[in-house]
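Both complexes below contain chain A, partnered by chain B and then by chain C.
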Partner chain A sequence: MTTARTGAGIRVEDLRIVLTGRGGGTDVVDDIDLVLEPGEVVGLVGESGSGKTTVGTSLLGYTRAGAMIESGKVLLEDRDVLALPWQQVRKIRGEEIAYVPQDPAAALNPSIRIGKQIVELMELRGLGTSESRLADARAGLEEVGLPSDDEFLRRYSHQLSGGQVQRVALAMAFMPKPKVLVLDEPTTGLDVTTQGMVLRTMAELCRSHGVAALYVTHDLAVVANIADRVAVMYAGQIAELGPRERIFAEPSHPYTRALLDSIPHLSQARALSGIPGRTPAPGARPGGCRFHDRCSVAEARCAESVPELRTIAPDHEVRCLRAGEIGSWDISRGTVPDADPSKAREVILEIGDLEVFYGAKRVVHGVSFDVGRAETVALVGESGSGKTTISRCVGGLHREWTGRIAFEGQELGKGSRKRSVDERKRVQYIFQNPYLSLNPRLTIEQIVKRPMELFGIASGKEATERVVDLLEQVALGPAVLRYQASRLSGGERQRVAIARALAAEPDLLVCDEITSALDVSVQGSIVSLLEELRLQRGISMLFVTHNLALVRSIAARVQILNEGRVVESGSVVEVMDRPREDYTKRLLSNSPRID
Partner chain B sequence: MAETATLPEPLAETPPSQRRHGAAAWAAWLARRLGLSALTLWLVSMLVYVSTSSLGDPVRAIMGREYDADVARRTALTEQLNLDDPLPVRYLDWLRGLLSGDLGTGLASQRPVSEVIGPLVANTMVLVVIAAVVMIPVAFGIAMLSANYRRRRPDAAIQVVLLALAGLPEFVTGILLVALFATTVFQVLPAITLVAPGSTPWSTPEAMVLPVLTLVLAVAPYVSRIVRATLLEVLDSDYVELARLKGIPERVVMRKHALLNAIVPGIQVIALQLAWLAGGVVIVEAVFNYPGIGNQLVQSVRDHDVPVVQAISMIIAAVYVGVNLVADLLSILLTPRARTAISS
Partner chain C sequence: MSTTDATASPSALRRALRSKRFVFGGALTLVISVFVVVGPWLAPHGQNEVVGAPFSSQGLFGTDYLGQDVLSRVMYGGRSVLVIALLSTVLGMVLGVLIGVVAAYAGGWWDEVIMRLNDVMLAFPQILLALLVLTAVSQPRAWMIVLLVGASHAPRVARLARGVALGIVSRDFVHAAEALGERRSRVILAEVLPNMNAPLLAEAGLRLTYSIGIVAALGFLGFATDPSAANWGQMLNENRLALSTQPWSVLAPVLLIGLFTIGTNLTADGIAQLSQPGGGE
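Entry: the complex of A and B
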């Protein structure tokens, strides 16, 4: 299916990258063999800490500070990129191997205009004339669906939206017509529509220009639509490598299966599950199979002998001792019935005719909906649709609004200062970014204890006991009590944030994109935790997200927002199976899916 | 599609009206800042006047033991300083004179203040400007060198030296330099500045070397350390990493991608240091006997020459305010985000 037009692809052989300095010699990634054919997109998938980005940048002969390439080859045609002197490596970069960064908003220079930045490399290399470069830049921008007029070329990166910046980065990478492209999670943080557009553009460009692409991501669902082959990485090694169809139809490594199990489906609700434990950091990786301590089908021998990558079908390699013995896999494993739309509801939160302003600008226009007891209602929309704004009004974090927000019939004040202690206690807010929402100077115990002291729920020894209880409920255990947040992973931090919200014994949790900064596998476990809490404690949830598949698995009702208006609402089954509005249909068709 | 729906178009209007609007916005910004500067200087003028007036009776201080004996001179001085008027009236008189360019008459020299300090202001300005012109490239160069060798031995050595220099009071640096180049070790440069009446210090350039060097050594370490810290931060940024991965040569990465974004904090600290120089030059001028406002200020305070002290204080304050205004303007011009925020 590959159409070799230009280039010969790139070949990684026996790559090993180790830490320098203290702990030197510890491998970050090890035993990586990978071939990218021209015109082929290979997905490189793994949790954070698996070494996928390290592999990605090593194709350009680059490692971040603190790591070095110890052995191995990166063969571009007959040249070994890793053995070349650095001046020549710089020359190969951009022209032959290009890179699309993870966070383009941070990766475009804030003080150079877009038009200049796109042609910078060609200008330095003296490729073409200034007119031809300008024409190329315009053509490149048009190719990725952006305006190409002078006005656009004169903009700075902060004057573009997230999706535009990402497409500028893509156009910039394609400009010198590279043979190999490395994309490092280029759509993380984009909403589904923009993500879909960027992905399609990238795949088209790769195929039409015969570029071999390595697409690095933590989300299998993203590569399900664009990759020809998929490599799943775990703890610095490739765990499974095969054609896309095989990886999704017959995943053979328990880790791949666990990853797939944590992905929500669009077509049916699922009981999502995470992978217990966390990706071991370099130096802390267990002996034997590196996955054995988190594996659900591990045997005694898995801890002892180190598995090799072995071929189980044409082009399909697996690093598992038990490959072939663990039975077949079914994509619809773990599906559960959708939330019943006809179930009786007892309304606990009522929002009527809500209009929200930022200064004189109205950003939410007459939104009305309600949330029932022990019910999850999802607010869905693209970035800028007002979903977070609404949730901030409910949480008392934004004060400029008119209309009615009533909790159990009592109207809530604008802003938390105008609310009674009891109202504040019963509505708790969880933030999107757990890296910023926990005070780095406090211990986890202090963080979780704080709401209890604030609301007079418990103090002293009793409070500590409750903290331990709560931490157990969020699957953390008392070991973290004395830790500061910096010692925890993203998923663990978000659990602490949830425990903190629960400490106030709330009746309503406002969850603002709480899983979008996390790995898919961690998202799975957070979602299953929330579901458990909802059922056990009868907590209601207002769940803000841009991920429709996630909505299907977590929510009973959904409000689709566009430009500050509810365009469609109803039960999840109804809206997702029989969408009426074009906007909803577009969101659905752009959502990456594996089912 | 989605883009047009979600993105507020900051530049959607037609270019000409945009430009006119931009110019008006800039004018408004500048007017506001100038207004604030004037307000600041007015407050400073009150403080200066009140504090110099509250130092005690200047007539008694000037006349010393003759105060009781020479009644005629006492009356004359009191009259010259308008000491019989209440403080607010005297202040307003002084302020009116200040605004119309009449700084009063120096008590020690009995000449108009502007005539006394005019040449001195020029001397000091030349000294400070030369020091700045030498210091800025040196400080940036050292910062780039240091950032290039980050956390390796040359960087560590540079940082130790810079910290030591920053820690030395400038009169100590000055005296050490004098000992090194003028008296004890080598005798290649003059230790003090001797200027014939009617001449300027820069007519004997070798006499300028040590004062300039002292000022540079006093100021460059701060600037260098700040620029190095910013450079390191910028060098760790995603866009520098991308520039490297894009295949841009390291030289260009450093110059165009890193330095351009590290320059703004540098400008702010340079402004603060220049403003400090305007006042801190006092001690250096005293060490080298350089005929500038600093030296004059010391002299005038000793002489209780109130009008001169007031005038020099106001000049130093004006330099402070002016330099900071220029620095803010430059920072905004060099930060696209801030620049476009004003013009759109």
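Entry: the complex of A and C
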């Protein structure tokens, strides 16, 4: 490890976790050395499958079923958590090392009131006296910026918003005054405003209480705003570790650079790029440098010799044979001009005075906007702003609306069954979650072929050839034809979903948060794919997202939505550089950024 | 969310063969089915052939109330029970799945009406409807029993099918098919049904168990299609008087009914386990 540090905080030494059972001995994570100083937030970043959560929970001496800690130490003030008897480990968990899970709603008991739950925690830990506990609970809630009155204490977890639940979990984690805090993607699923609030609260508390925190996430942009140091994990190993400023200013591992290249900026449009291939699963990791088969600067020796973590600057370590010889990197690499706001537009989709209902409840109030040919229009807002609802109306998936949705001057019916074959063909919808949108029983060929058969575009052998072409276009090989969706990763599934949409030869793609379930590197490649399609085929896009930075890179125009109303709209450059509304400003200032 | 499982998820059959429950139940079912199918050809005597005094100990299982060989009658008597049970299960499953899936897919008002009518049907004990109709006709026919037992299964299957289908019709791939404008029948047949395989198979196994029970019970109560032909259920009734003196005349058919239902039940259990998370998707 770097400079010898002593005493407080927690240190992980030479940790190796392997799979048990069949395929036993295969490492999930390997050669992990990590030091967390008191009051320091360390970001642990990696794509899905990199082993970041495994490392996170190992700090509590825990591994998920099917894996076990083979060797290594987790030293909490010179006690090895991994060697202690379980009674002591149990006492340490929560008391000295606290954990905030990804989905706190699942961690809170739905049938116990919030106040009771916090008091119960203190009883269990033997904190305070029976008189002082309630007051302590109030103080704890105030610390995380929540109300502490009786009304709030009497609520159940389902009566709180997502951000409030996450802050209750945070308050409970801080209650026993832990020395170490492990946060496992605690802001996934929260919208930017809430995420910003939770992150600030967490960082402040860690610093003021001198807690060493490990923040596990897949999103480099999030750690850019809160972490002191950043560890980038790839395929079970730490690829790069260093102070935040150095990681973002002088990333030295090709993987870190590729990750940074795939993150959109708020200040300027970028040509986003993904990382080819996929994160190898345990057991399928290549020899030599584990990244060499996806690396753009790999040499022959990268496939042969295994790189060690090398210190290239104080506190900055890199696991790359070629570190230092691959040139410098610049944050503005890959920027492109913003979409030109003055470009002439030919309107293809027109939405006028749209009001949408769920039963008697009106959720969208008089929304009007239009989409031009070969233009991308983004719908942006927090959760509950009605952005997805609007897109579902356009896609024919929601029927309870009034107003006007016209495609090339022709009014669209309410619901797909009220639309003509041609209309259904030319407007295609892509769903948010590729794990749900592909029938698990069908092969990829059947899935992509179906729209062609349905719309009489092609059939039989010709259709199969077209499917191969389409899969090629979305960067999937013909090998996946006979696969079922379950064999594909999330990014690959989403590509299949895009191929299915393209199979109908649409003029308008409605994309509902299609990258939010995916890793950033995958998001990068999906976005660049869509951009290519837009330019080649002149497809228009209605792009629903909560990620403003992504909007800058992909869209020409943007509609900012709040509680079912458009609060601000216009060209992306205008809205993002000179926001007029407070709501837009707040969204912008809360968006995590690396630029 | 382990997605790169190129090595994992072997074929369903392969996984099924690793489940002890499934293998044991399946083997038991198979053995008895074979016994029932080939029995009539291997039987030492005809089913109505009198071979000795009533309730004597002649032959492996002795003789019955008319002096017919119990072993031979057992070998003959499974066929009608099994065939009727199997057909009524198929009928009950098809009807029930259809009702349940249509209700789940239609949703709203239709769902309410269909399922409330279904509840009315559920209120009848399963065997009651069959008894009512069979006492009214002079000579029960095999198709009547199939129809009645099948119809009594349908509402029970429908409830399960609706529950399973509800979880599937709300998934995005069903919405995607609708957005493309697929016909409703195709959405149900091609998108929804294939995803219900495992729970429905398990239910079919369970329903087969019940069918055998009901068909045997009807035989016991005297509603067999041919009063002189051998029938496991009817044999119980015919010979029950001699339970203490010639127990095999009753025990032999009971054992076979028992073993067969255990077999089908274990098979159903095995399938259900496989379909649960943890047992592999």
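Note that the second predicted complex is superposed on the first by the 586 of 595 C-alpha atoms of A that agree within 3 Å, B and C clash if a C-alpha of one lies under 4 Å from a C-alpha of the other, contacts with A are read in each partner's own complex, and residues count from 1 in each chain.
In this section, a contact is a pair of C-beta atoms (placed from the backbone, for glycine too) under 8 Å apart; a residue touches a chain by one contact, two chains touch by 3 or more.
Every value quoted in this text rests on a predicted model; they were computed, and no experiment measured them.
In the superposed model, A:S161 lies in contact with chain B only, and not with chain C. In the superposed pair of complexes, A:P251 makes contact with neither chain B nor chain C. By the touch criterion defined above, A:L488 reaches chain C but does not reach chain B. Greater residue coverage of chain A by touch, when chain B is weighed against chain C, goes to B. In the superposition on chain A, no contact is made by A:P506 with either chain B or chain C. Of the two partner chains placed by superposition, only chain B is touched by A:T193; chain C is not.
Look at A:G236: by the touch rule set out above, it reaches neither chain B nor chain C.
Those residues of chain C that touch chain A in the complex are listed here as 1-7, 9, 171-173, 175-182, 190-191, 194-195, 197, 281. Note for the complex: chain B touches chain A at residues 1-3, 5-7, 10-11, 15, 236-239, 241-250, 252, 256-257, 260-261, 334-337, 340. Residues 57, 60, 62, 64-65, 87, 90-95, 98-99, 101-103, 106-113, 120-121, 124, 151, 155-156, 158-161, 163-164, 169, 172-173, 191, 193-194, 197, 382-385, 562-563 of chain A touch chain B in their complex.
Within the complex formed with chain C, the chain A residues making contact are 23, 48-49, 278, 280-281, 283-284, 395-397, 416-417, 419, 421, 424, 428-429, 431-433, 435-442, 450-451, 454, 486-490, 500, 504.
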